[in-house]
Amino acid sequence: MNRDLTQTVARIAGVNPRACMRCGKCTGACPAYDEMEYHPHQFVSMVETGRIDELLRSKGIYTCLSCFACIERCPRQVEPARLIEAVRVLAERKQGADHLRPQDIPARLDPDMPQQAITSALRKYRR
Amino acid sequence: MQVNSEWKPTIVAFCCNWCSYAGADLSGTNRLSYPANVRIIRIPCSCRLNPMFILRAFQRGADGVILCGCHPGDCRYTTGNYYARRRMTLLFSMLDYLGIERARTRVEWVSAAEGAKFAATMNDFVQTVTALGENRRLEDLRCKA
Amino acid sequence: MQRIGVFVCWCGTNIAATVDVQAVSDALAKEPGVVLSANYQYMCSQTGQDLIETAIREHALTGVVICSCSPRMHEQTFRKTVARAGLNPYLLEIANIREQCSWIHKDRAQATEKAIILGRAAIAKVQLNTPLQAGQSPVTKRALVIGGGIAGIQTALDIAEAGFAVDIVEKQPTIGGKMTQLDKTFPTLDCAACILTPKMVDCAQNEKIRIFSYSEVEAVSGFVGSFRVTIRKKARYVREDVCTGCGLCTEKCPQKKVPNAFNLGLDTRRAIYIPFAQAVPKVAVIDADYCSMLKNGKCGVCAKVCAAGAIDYTQKDELVECEYGAIVAATGYNPIDLSGYDEFAYSRSPDVVSSLEFERLMNAAGPTGGTLLRPSDKTHPKTIVFVQCVGSRCSAEGKGKTYCSKICCMYTAKHAMLCREKYPDTDVYVFYIDVRTPGKNFDEFYRRAVEEYGVHYIKGMVGKVSPEGGKLKVQASDLLDGRQLHIDADMVVLAAAIEPDKSARPLATMLTASMDTNDFFTEAHPKLRPVESPTAGVFLSGCCQGPKDIPETVAQASAAASKVIGLLSKDSIVCNPCVAQPDELMCNGCSSCEKVCPYGAITYLDKEFRGPNRTTLLRRVAQVNPAVCQGCGACTVACPSGAMDLKGFSNRQIMAEVDAICR
Amino acid sequence: MVFSYFPGCTLKNKGARLDLCGRRAAEALGFTLEELPEWQCCGGVYPQARDEIATRLSSVRALDAARRKGQSLVTLCSACHHVIRRVNGDMQRDAQIRGAVNRYLQLDTPYEGQTQVLHYLEVLRDVIGFDELARRVTRPLTGQRIGAYYGCLLLRPSREMCFDDPENPTILEQFIRAIGAEPVYYAMRNECCGGYTVLEPGGRAQKQAGKVLANAAACGAQTLITACPLCMYNLQKSVGGELPVRYFTELLAQALGLEVES
Amino acid sequence: MQGVKEKAIELLRSKSVDRVVGWKAGEFFYDLTPAVFTSVPEVEQSFVWSVFCAANLSKYLIAESRRGGKVAAFLKPCDTYSFVQLVKEHRILRENVHVVGVQCAGMCDMETIRSHGLSAVTSVAEQDGALRVETLYGARTLDRKDALGEKCRTCKSKKLAVYDELLGEQGCDEDNGRFLEVARIEAMTPEERFAFWRGELSRCIRCNACRNVCPACSCETCVFDNPDSGLRNKAAADAFEENLFHIIRAFHVASRCTDCGECTRVCPQHIPLHLLNRKFIKDINGLYGPYQAGADFDTKPPLMDFTLHDPEPSQAAVRGGGV
């Protein structure tokens, strides 16, 4: 339970997790459902109850597609993807916690891959 | 300022008839207590409070003036306390601008059910004003030096 | 010269234990203008009141001050006492030395001193009291009910039952409202039409009730007891007094492609139509948007076939002016427009319907004759998904409503149950956030849907519905089970939030009745005066005040009626005499007071005044209608010149109290 | 009609066809795209964290450059459009971000979101008009059944993007009709292609994009069109579906009768 | 501005109006007072348009617009706000007034001119955008902006809120830091503020000049003259009453005061009375959103309006500091 972290996450995300009414529309809408151990509505609830450390260790923060479906459909403007992003940012701001290092890239590269994929992934996966 | 331990401020409390006056009655019914130097004037609504009354009270030696009305949204006349809120906000800011202690004036929303809040508010207000001491500035604003 | 009598009450020991009542009466006896100062054990007792009455007569008192309990307790009692002795009841002031003195303070000396000060303030005020006469305002013995749904019908019937005339104004061609479109009603599953249509007929047959159908309120002036209302009777192009309602015209009209509003566009009707079989009045109406005679002067079939000769293509809107003593708003609700909710594919698939549309699809008088068929291909749906809370309970920044629409949980349970009952081979899913069933026999009803009828209730909002290959792919989460569900549904039913009818906002402006941010009418007090608007003489009935189901609506409708009856049974209304009064000589006519008056009690008059050198000057001055003014005093402070004052709480009176208290 | 134009990195390289065809079609339709001098990469993804300032700067520089020219800023790549549009919204509405960015950039006049950001498709819809476009088409793609693939970035979040109805968009279908083809509606046209997770091991993006293609094919689409090079890539590399995928500007140029060298 | 006097003559000669409200010289050439002209010769003889036409003519239209016939008035940008406010309050009958808007470069004040070390001034005239000041001891040229009165130094707007015809160009809102002085006082300690105002207000002699000139103080009977208000006093009974007078006057005009600056201009004791009004304006702008009295005919004055979530009085000290 970590109230300070909850506040930090809410501040970075600019949304209020307490506004969530647990309707699960986000989770119903999520295309990455099968890839996330904590589904969007659980994510919100865990932020609210201060279980940030578990989230920081979660793989789900890297499998969120940032497709904004949950943001679009959330009836309470809680916008789970913003919270997920905030936790991810928090994880990567720790030194050496990059999820993707530049030196990892050549191995994953394929000649047709657009530049956009690489910059986006670098923006998303490392500090 | 010399604070005489015997000295007790004079406090005028304007209370709206429907919420705060009833709240004051309730604190009596519940036998709560607050200092005897609080004296209540009943007005129909907080929006009846003319800034002149407040200034007059200070002029005649009151040491603190408080307005109590229905909570915003609960006004018996629907909108009275919203007007009162703007008027008092501006008046108090002006008094502050003139160098008159803000703490001598206060607005508090007290419902008919909040007898305890009424008593607590009055206790706190009396304490605050007692700490400030006698009201001199409002009488002395013009100095015939 | 004032002759004031002071009466100090002991209230047994309630006051006397902490306040030296003798000392108080002695001290107050010395105040200017006081000719008599007495004390007694119980002033409110018969003996106490006699004491006051006798004193007023014997000492020819001009003012009375009673130091006793709170004026909220016995002010009315003592006003009557004073009046019995022939003194104006407003020449009385009460010093509250019990609730605000003896019960608060423990120290006898301090309490006594305070009681004296409070007494002095009351004496200072009573010196300036003037005799006030409570005004009388006549009451027109007729009520207006705006809206002819179940709320308006019930209110009108109850008022008529009590013997008062009442008019219903309904903007549709028939009364009946939303309830006519419903199939069954929860939690008893009676047929809506079976319980509603007799009431509609009662309205038509009651000689005390006039129905202005296909009419709207155009303007309202006046105030409680005497409202003046202009009603626009829209042209129906059919003479109401001649049409027999035989319906032949509606069969012969060649224009067949008009979306049928009664069935929410799920089928079509003719350009001349009677909304439904049991319409009241059962009179045809021509839809001017579709009638080719009205549009380009060609056709005229209906006039040819009408044996009664009721068709009149030249009819114009008609304005009627009437007077009313009371007005009831019963403008009802509508489901919200679902076109902004395309995550549920509402505008992409005809098989995604609103709950009200679903009612029509289940209704024997509906487009499918009561057989549940998909609008797209007229087949039986085998899998039906209900989505709750569509557009309800949203955050204020979003597209929906912030409130719970209250009726959806129950009607969805009803729909689910009826589907399973009529078509046991269907799979019925209800996706909910919470199931809210506070009401008599409501939760039992919901449990029956689950336990006896096998409806699948799943906690979790549907995320997306996409039409594909004749199916509706429903993607949702089961929050309790922790699964994402993919259901191939045949039909999706959306429980759309309900919102006040669009006509309510302009009506509220006309009535000077207040509304909340959702356009529901505000009640005078949320708990204690739930069927009155803060504007005197305006009452609220049904969903225009907030979402509610039929039993609640009917209860509120009858409550509103009883308030109206209470008002109409008086010949005149006694007004609060403590109202605002402008001094015309000082009034600038600047409209500051009018801007803050919550009741619209202030109007302006151009009046002639004498100017210098025998000239006359025309000046705009404020007039307060004492029947409308409620005496809040907002205007007195807004008035820059101090021309506006409040009787009973005048500037001088309050200043005198201030002076006495600070002395 | 002259617009400032922000092509973005990918359009200078792997997504060159999107850019080239777009420019040529613009010339043919009579509007000018003036490439901003010295533009920098938009960053590819919008920084959702409100305290990320540095990642917003290049977008603001581009927006400010367009403001100085007094022009609207046109983008073609969905990702660039998404980032620049949302950063512009931040500059209009979020005082905290606006303050921090302006303090950093020290512009002569603080930037407060004055520039209008338009996607190329919006220019077609709102400036040229699809009716007018249909009149200009010389080689209509009659008989072709084309599925519009919107993906995420153009549509969501609709409160910020204000591009089209996020759940039932119509702009690409209108475009398809204007060039003479027949639009095919399918459920996953506004679902995600997998995006940047293509760099994550596990092939999730390929699976996700495969679902999109399969769905479109099942609904009868013969071709998909997109405005995004990353969508294009993911769809082409997908597992489980096979359909030709084209940039919408390629078909636009084709319909206008333009020969664009590869 | 050329042509003001000519316009007055033209309007009277063509009989488009019956009267003209303008300025004429008082005891001194720089002491101009408002005047009503009914004939061309009158105008030719005594109508003055000069750099000293600071007086706001709006208030005179309350009476003049009701006197029958049509009256023309020359209104500078700042005066038009008072005019609109008075029309809004139904004090001026708009239909009887022909408003000739006059753009204005700011009006001069003799005290300010003297503060440049000039005395025995015999004439001041505008010449090529500068001010030529003749004195018994010779002539000197001043920049006009160095000769402006207080109200013009902190001019809020050169935009006319209303006019039927316009001499010169329509202008824009100005930012001359009119709230800087208020902010300076706000930044003082309460003791300093008290001392400041004690110093200023103690000079008041209750001459009522401020009240008489103020367009917002146009009451038929002032509360201070009304026996029922509990405030009436001819001479101050005690020290407090001067303060009471100024506080109440400021409150009565709050949210109606257009900040025309006339109160300070006419005060013989040089009390900066406008700083009271501006405090209210600054608070209102900060707490309830920007509002300019007299800018239009419809907006409700903030004290006759509210929102459900207005700040509480206790927050005012914190939030009022804005803008």
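When the chains are written out, they are named A, B, C, D and E in that same order, and each has its own residue count from 1.
Keep in mind that, in the parts below, contacts are C-beta pairs under 8 Å (C-beta built on N, C-alpha and C of every residue); 3 or more make two chains touch, one makes a residue touch a chain.
These figures come from a predicted structure and were not determined experimentally.
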| item | value |
| --- | --- |
| Those chains which touch subunit C and also touch subunit B | E |
| Core chain by centroid distance, with centroids computed from Cα atoms only | C |
| Of all other chains, the one whose Cα centre sits farthest from subunit C | D |
| Maximum centroid distance from subunit E, chain identifier (CA atoms) | A |
| Distance between the centres, which are taken as Cα means, of subunit E and subunit B, whole angstrom | 35 |
| Chain centre separation (subunit A, subunit D; CA means) in Å | 24 |
| Subunit D and subunit E, separation of their C-alpha mean positions in angstrom | 57 |
| Centre-to-centre distance between subunit D and subunit C (centres being mean Cα positions), rounded to whole Å | 51 |
| Where subunit C touches two or more other chains, by residue | 343, 596, 638, 651, 655 |
| Of all residues in subunit D, the ones touching two or more other chains | 166-167 |
| Junction residues of subunit B, two or more chains touched | 51-52, 56, 79, 83, 87 |
| Each pair of chains that touches, named by its two labels | A-C, A-D, B-C, B-E, C-D, C-E |
| Complex contacts: residues of subunit C adjacent to subunit D | 341-343, 345, 347-348, 466-469, 473 |
| Subunit C partner contacts - residues on subunit D that touch it in the complex | 165-168, 185-188, 215, 218-219 |
| Subunit E to subunit B touching residues, read off their complex | 182, 185-186, 190-198, 201-202, 204, 223, 229-231, 238-244, 247-248, 250-251, 254, 276, 279-280, 283-284, 287-288, 302-308, 310-317, 320 |
| Touching residues on subunit A, where the partner in the complex is subunit C | 19, 21-30, 33-34, 39, 41, 69, 72-73, 75-77 |
| Touch list for subunit D against partner subunit A, complex | 8-10, 13-15, 41, 43-45, 47-52, 55, 77, 79, 94, 152, 155-158, 166-167, 191-192, 194-201, 204, 208, 229-230, 232-233, 236-237 |
